[in-house]
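Look for subunit A in each of the two complexes below; its partner is subunit B in the first and subunit C in the second.
After this line comes the complex of A and B, so read on.
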């Protein structure tokens, strides 16, 4: 049963089970601190395809294939797939998932996609729409850079606040009943825009949305950061994380001791030259599927909040002088 | 309660009520056969904004505002908004809905968006996630043409199979209980790709997906086209509609007497020079909100299927030699 708690949080009383998950990454992700936890990494940015866009589709396909294999599932046993990515018209999802023949609910949530897809998949299970769904998200450094910023060959200098788009994707399979971590609460965020216009400072653009969703969640559930083993944000990076502490601090919410940002977990900022950290739908998707859910399976984490954040800009909106609206969706997951 | 019927159809036993709806259109839409049924039309393609992209955001904002006004609702009474459009990174939705402060579930379903957003909004109501949700979709001829095809100033010749992207948007407000038409069944479609590569023939690319979803729906529910007053497809246009009849004919399903395509309703093909018909998320969204739901309110239609179809391509995927995958989502609506 699903019940609204407080103003904007959904409580899932049974709680769909995370049955399986898989993370796929690239070379830099393999060389990062979580490298060994990925299910599959490829040192070639093309993943054997002719273009980077096709490579990103291959990442989604591989992530779904591996998540199904790990749970010994046939694709016919998945009733709906929720997916999105950063590419224009979300072609990584459309082409990557084309062959599965599973009804698709296409999403656009920028880098918040993994939380959005997992939330909708969980709601479909809890409400009886389906017995098993998959949630997918991906990004690719090479497709994102050339689409959002500059041709890679141009070799543009990156600013200190810039983040490095993760090459990777994650897939979570959620089902009714069974063993595994359970999705307990969901808070969908609203668009928050404090007027940041610097497209090289996504963390700052997304932090206000992150603060808003977290604040609403804590209010709705009457909990505090101390009640959780981990509060994982999507890809705020160093700059965005500090801003998040500052914004929540104004409301006397002290996140820091329990907070980790996926953008700061995926790469080693000291040695991997990623400036303010990682970003992209694939950042939170891979950190969730390679690391966080493994830590839950190993009993190291029991009660976590996973909140992915998205910057809802496009090169066109920036060129037209618009600021960068942010959004953040939150999922509360507990060990069985 | 939501129950799976057959392989892929969801039956909503209570059935969320369509409380309000509004359609916003441009000059060509105003001049078309449904012109008088729109809630608002503007003869200026900019809708008073500085760019066409901002104009499309203004369309979404206006559609939501009017739908709320018509039902005397405050924006705070809408718990979730489901929205999408055709622009890169769905900026029409992000910027158009920014000021409402309503939690947003961002979607990408290409021209299938209106059915996708209405489906998810209905599922949220039926499952108890919310008491009231809004579903929105839009497109704009000028933003779509320059993004997908050629600069407008280039004056490129259009092929006979080409369709004319609708300038407009629709918003449907769905709620628990009350008076109004009810959403009874939902069928989410899977990606279907029969290898069409002509980006000027979207109808042909989407027809196989339309056939697949309709066939599944009829099988799942044990109904036939004759059981409905109207079967409205999104924007197959003339070419796609004929292909749809042919494809369903192979399975002895004869759609023609009850079928109308939104792409053939919005404009007068004889006088408005739109070649194979209208297209775009705004096509099915405006025909639903300006015409179909009004006809239901007037007692002229009692039992309808609304199925929007999407072509999941991007200029990049076409440039890389990819074919055009299609998708179609279906909503069954009955008068109270």
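After this line comes the complex of A and C, so read on.
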């Protein structure tokens, strides 16, 4: 049963089970600190395809295929798939998933997509609309660069606040009942925009939305950061994480001891030249599927908050001088 | 969390590291300087081989553009530019890189709607405003000549 708790949190009393998950990454992800935890990585960033967009579609296809294989499931056993990416018209999802024949709910939440897709899939299960759903999100450094920024071979310098879009994708299969971690609460965030216009400082644009969603969640559930083993944010990076601590500190919420940012886990900032950290839908999706859920399965984590953060900008809105609206969606997951 | 846009802006500035200007300047000076020195060396070489002063300058530009295009194609130019910044942007090599990189990038969308349409996506504004500035300068010189 789903019950609204407080202002914006949904409590899922039974709690859909995370049956399976898979993470797919590229070369840089393989070389990063979590490289060994991925289910599949390819040193060829094209994933054997002719265009970058096709490569990203291949990532989604691979992630879903692997997640189904791990649970020994046939694609016919998945009733709905919730997927999104960063590209115009979400083509990585629609082209990557077109062969599966599973009803698709296409999503756009910028880099918050993994939390959004997992939330909606969980709500479908808990409400009885379906018995098994998949949630997917992906990004690719090269597709994102050519859409949002400049050609890859263009010689430019990145600012220290810039982040590196992850090449990768994750798929989570949720079902009714069974063994595995359970989704307990969901908080959808509202758009928060504190006037940041620098598209090279996404962490700063998203931190206020992250703070808002977390604060709402703690108020709605009457819990504190100390009640959780891990509070994982999506891709705030170094700058955004510092800002999140300061913003929540204003409300006397001390996040730091329990907080980790997926954008700071995926790459080694000292050696991999990623400036403020990783970003993209694939960042939180891969860290969730390659690292966090594995740690839960190993019994190292029992009670976590996964909150993916998104910067809802487009090259058009930036060129027109608009500020960057941020959003953050939160999912509370417990072991068993 | 009650904070105004201005207060947040101050907070963001506090946590956002600035670009390492001194390091960037050094990179720009040495690599940009090396490109210019190479250019002078080429002028000397072409002059030595018997080219007129004008021809030597033209041949030097052609050579530098070729080298820049080659390095862009090999994926090395952006690695150099990461260190050099304005040092690789300002010389003629930067302009060549700005034309070749979209050509490579947008070939995937075809030779007409991709490569053809996007070729000047970066250098277009430079050409437009460069031409406008030239017209304006020409007009000023013309008017000055009348006085």
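Keep this in mind: the second predicted complex is superposed on the first by the 336 of 336 C-alpha atoms of A that agree within 3 Å, B and C clash if a C-alpha of one lies under 4 Å from a C-alpha of the other, contacts with A are read in each partner's own complex, and residues count from 1 in each chain.
We take it that a residue touches a chain if its C-beta (ideal position, glycine included) is under 8 Å from a C-beta of that chain, and two chains touch if they have at least 3 such contacts.
Remember, predicted model here, so these are calculated numbers, not experimental data.
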Checklist entry - Taking the superposition as given, does A:123 touch the first partner, subunit B, the second, subunit C, both, or neither? => result first
Item to check | Which superposed partner A:314 touches (first subunit B, second subunit C, both, neither) | outcome: first
Next on the checklist: Going by the contact rule set out at the top, does A:247 touch subunit B (first), subunit C (second), both, or neither?
Outcome noted: second
Next on the checklist: Per the contact definition in the header, classify A:50: touching subunit B only (first), subunit C only (second), both, or neither.
Outcome noted: both
Checklist entry - Just subunit B (first), just subunit C (second), both, or neither: which does A:84 touch? => result first
Checklist entry - Looking at the overlay, does A:195 come into contact with subunit B only (first), subunit C only (second), both, or neither? => result second
Checklist outcome for this item: Going through subunit A, the residues touched by subunit B and also by subunit C turn out to be 50-51, 53
Checklist entry - What residues of subunit C sit close enough to touch subunit A in their complex? => result 1-3, 5, 8-9, 11-12, 15-20, 24, 72-73, 75, 77-78, 80-82, 84-85, 88-89, 94, 97-98, 100-102, 104-106, 108, 122
Next on the checklist: Show me the residue ranges of subunit A that touch subunit C in the complex, using the header's touch definition.
Outcome noted: 50-53, 146, 150-161, 194-196, 201, 204, 208, 211-212, 215, 239, 242-243, 246-248, 250-251
Next on the checklist: Per the contact definition, I'd like the list of subunit B residues that touch subunit A in the complex.
Outcome noted: 1-4, 8, 10, 50-51, 53-54, 79-80, 84, 86-91, 93-95, 97-98, 100-110, 116, 120, 123-124, 126-130, 188-191, 193, 310, 312-317, 320, 322, 325, 327
